[in-house]
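Two complexes follow with chain A in common, the first pairing it with chain B and the second with chain C.
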Partner chain A sequence: MGNQEPGPQANRTLSEQDHFEVHDLAPEVFYEQVHSFEFWFQAVQGYLSGKVYGVDPNLSAPSLPDLDRDRLITVLCNYCVGETAALEGASGLIAIAPNRHTKIFLSTQVVDEGRHLEVFLHRLRLLDVADPEGEVERRASRSLLLFKRRLLELVNGKDWEAAIFAQNVILESLEFTVFQSHAREADPVTRDLLLGIVKDERRHIGFGENELGRRLQLAPHIRARLGQVKRELDHLVLDTLEETLLELGADPVEREKLGRAYLEAAARLGLET
Partner chain B sequence: MTDPLQQESTTAKDLELESRPRQRFELEDTGFDEVPPRFRKFYRRWRGPGDQLAPNEVICPVCKVVIRSTRELRPGDRVYCMPCMSRLIVVRGEDGRLEARVAY
Partner chain C sequence: MADFLTAYSIQNWLESCPQGYLMGTVYGHRPEDEEPAPLLENEVLREEAIRTTVQLVVGERCALAASSGLINAAPDEASKRFLATQTLDEARHVEIFTQRLLDLGVPKKDLESTIQHFANPNLVKFAEVLLEKVDKKDFVAGVVGQNIVLEGMAFSVFEMLHAVSEPTNPKFARMLSGTIADERRHVGFGENRIGSLIKQYPERKADVEKLQKEMSYWMLATFADAFRNNPARAEFKRIEGELSRAGVHAEWQGVDLLTKDPEEMEQILADTVLKEFKTRLSRIGIEYQTPDRP
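== the complex of A and B ==
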């Protein structure tokens, strides 16, 4: 398990570091810490240091059969659409973020989303796609483009709760779920890239759920409006999920399981359909 | 005021546990690299169906990382999931195992 009950050596004098228990931090100290740029910087150093475009340079991209390559290109193009939506959404949200913590956190998310877009475009180049951005336009899912348009309308309308819900709960949960599933079956280069992104996504989904959870406790009437946004966006998200998982060759059982996973966060916030 | 989550989680097993001193655990780094070095030993990845939780561990319901403490966990304890920035409370689930719920 990696844990060891203290043996005889546990009687030694413990240093201050040995006594440290993260769960004893005061809530305000915890939030100050995890929303900081310093926390982000040290966290990403842990798993991105030494990587090139998000991938261990010792891994080489395999040659894929034509059909697999074509499917991977379509999937990566749609990942680029999702990341562009999150990049534009997160940067727009900084202006209406209600306090310093959320502004600083969102600035780290903007950096993450910019990196994600860049590494996906780079992976497309490794697949010999000559014009990745043109390919993204050609292969973009209609459902995902509609979702992106609606997300940016919420951001531009300065609707903090609805925009955070659409972006950090719905879109990020979708990405978190799909990237993990894809990584299990992907070639080594795509897998390494996706696993690095999943680590970033943990922060994004947690930020969204916790920010909305706190707001819903203070103003429960917001729940009805968010429920409406969820109903409006649900089919776009589930259509996108279905399209992507079909391209990835996921079986119906896996597709249903992943669909449920996306709905879990909404359920915890009391936003069940 | 009594926390409803804490109240809900109190069972005969928990009352018996209360009378015993808590086990202490020395945590080792498990290779978890998603938080700054100082905090890494408090988290690990879930290793799949064959994996088991120790008495000082719970799974974060938001991001599915295993949260670890230097103390045996009991219902009512508060823990933090740093990888997803969540504050959680430990409860006893319907199956008798410890679970974490998000405390917004």
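== the complex of A and C ==
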């Protein structure tokens, strides 16, 4: 099929696929390759094959002391709020996406976000939470709910650059930072599902940075508007980060380090920290 | 409600779809399959294949916009998650049918203009009626329009195309069989989820029935253009005759499609789809409305 669009990873060896990073691609190759169902499928197949609700079925959930269990429930509930925001944000963005490739990429992101929500709700059930959705409502962080509201306002306002920035750079970077940190200290079941999610988040951030990077090159005036969105959202994100890290028992040095890691994500786009 | 929705989880979707019947496929077909040479070498047939595939792209683009747009209108988390899988299914359909246009020789730079040129205006109207409901975040009407009417139509159209393609174009037949499996899941969700919502909001029935009638009219008008007014009917007749003489059959709904005139095929398709609508709508407590005939 000579006229076929570029195949995703079909020609890579397994070893090459293990080390494959979308961030390493040149922008034009990245754009052609990653915006397809085929690419998504090849990517997730590597780390979701054989998993049930994001977890190796051979792992068993440990029994946690009451205080640890309660903290974990609060953290997972807030992960659910973040993933619901991401699901609603990504699905709303499809309508305003500028082309077919972008719509298809966002469709893969929609199912990723839906999967994250599902695995977190399932983890809550494993912790004997009888009504996970009700528990999420009860324990939701106010800062995160405000962030979600603002994100959906940007999406509904059809502001493509600002919404992609809020969704695929700010929110995804926040989740990436927190999930990576949490995975290091988590019980085996939670760690396994977090590590799978982190791989998805890396793909979403790559898309956001690439999409905005190209637009910023073509229209540098967008930078000022994104800077304004960032200043508006930073305190909500940093408050959420602080609340979550406190629940996870992170010390002040670790909290400050992770706060910086989040701010560096915006800095990669040349937006002031 | 919660029990039936567990069958529509993303975990089940992953196991049955990407890790199930799509395993080993590339753009929905076996990697070694290609469009048959007699199709690519016959300009009339090639153009007709492009015209048909464009309608599939138009329909799937509408389904992608509708399913993603309905996520934010869904009243519960489980429905949102099912619609997330449907969104990606529809995006995959857009991708594979767009790829087929490229395989049929449409240059990449001409994709959009080709789609605009061949898109049936009645099908565009059909999509507009549905997307108006989605834009208003009307979940009940949106799901009936999307998962019962649009998907129900697509299901029968794909089955008919599959019956004709199976003996002549294994690549296209394989693409269609994967798509049919997706559509079956979507229609099932629509019936199950909307049944309970209609019981909860019986005042919505009249509006939903009006939507079904209107969308059905535009669907029938699309069928009329595709069969009655098809510019390639003489060439189709010649090839169908050749295939019949060679002992090739395309059985669907108890008839050999290769022996039928375009008007008869239109009638079979329209009757099949409308009968399905009637059955499915009655299951969810909606009274089927007979559409005007174009």
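Throughout what follows, the second predicted complex is superposed on the first by the 242 of 273 C-alpha atoms of A that agree within 3 Å, B and C clash if a C-alpha of one lies under 4 Å from a C-alpha of the other, contacts with A are read in each partner's own complex, and residues count from 1 in each chain.
Going forward, a contact is a pair of C-beta atoms (placed from the backbone, for glycine too) under 8 Å apart; a residue touches a chain by one contact, two chains touch by 3 or more.
Note that the structure is predicted; figures quoted are calculated from it, not measured.
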item	value
First (chain B), second (chain C), both or neither touched by A:Ala95	second
Touched partner set for A:Val111, first chain B, second chain C, both or neither	second
First (chain B), second (chain C), both or neither touched by A:Leu216	first
Partner chain(s) touched by A:Tyr47 [first = chain B, second = chain C, both, neither]	first
Chain B versus chain C as contact partner of A:Thr84, first or second or both or neither	second
On chain A, positions contacted by chain B and by chain C	1, 3-5, 10
Of all residues in chain A, those that touch chain B in their complex	1-6, 10, 17-18, 20-23, 25, 27, 30-31, 33-35, 39, 42-43, 46-47, 176, 199, 202-203, 205-207, 209-210, 213-214, 216-217, 264-265, 268
Contact footprint of chain A on chain C as seen in their complex	9-11, 13-14, 18-19, 22, 26-27, 34, 64-65, 68-69, 71-72, 76-77, 80-81, 83-85, 87-88, 90-92, 94-95, 98-99, 102-103, 105, 107-108
Contact footprint of chain A on chain B as seen in their complex	23-28, 30, 33-40, 42, 44, 52, 54, 56-57, 61-63, 65, 68-71, 77-87, 102, 104
Residue ranges of chain A touching chain C (in the complex, touch as defined)	1, 3-5, 7, 10, 36-38, 40-41, 44-45, 48-49, 52-53, 84, 87-88, 91-92, 94-95, 100, 103-104, 106-108, 110-111, 113-115, 117-118, 121, 133, 152
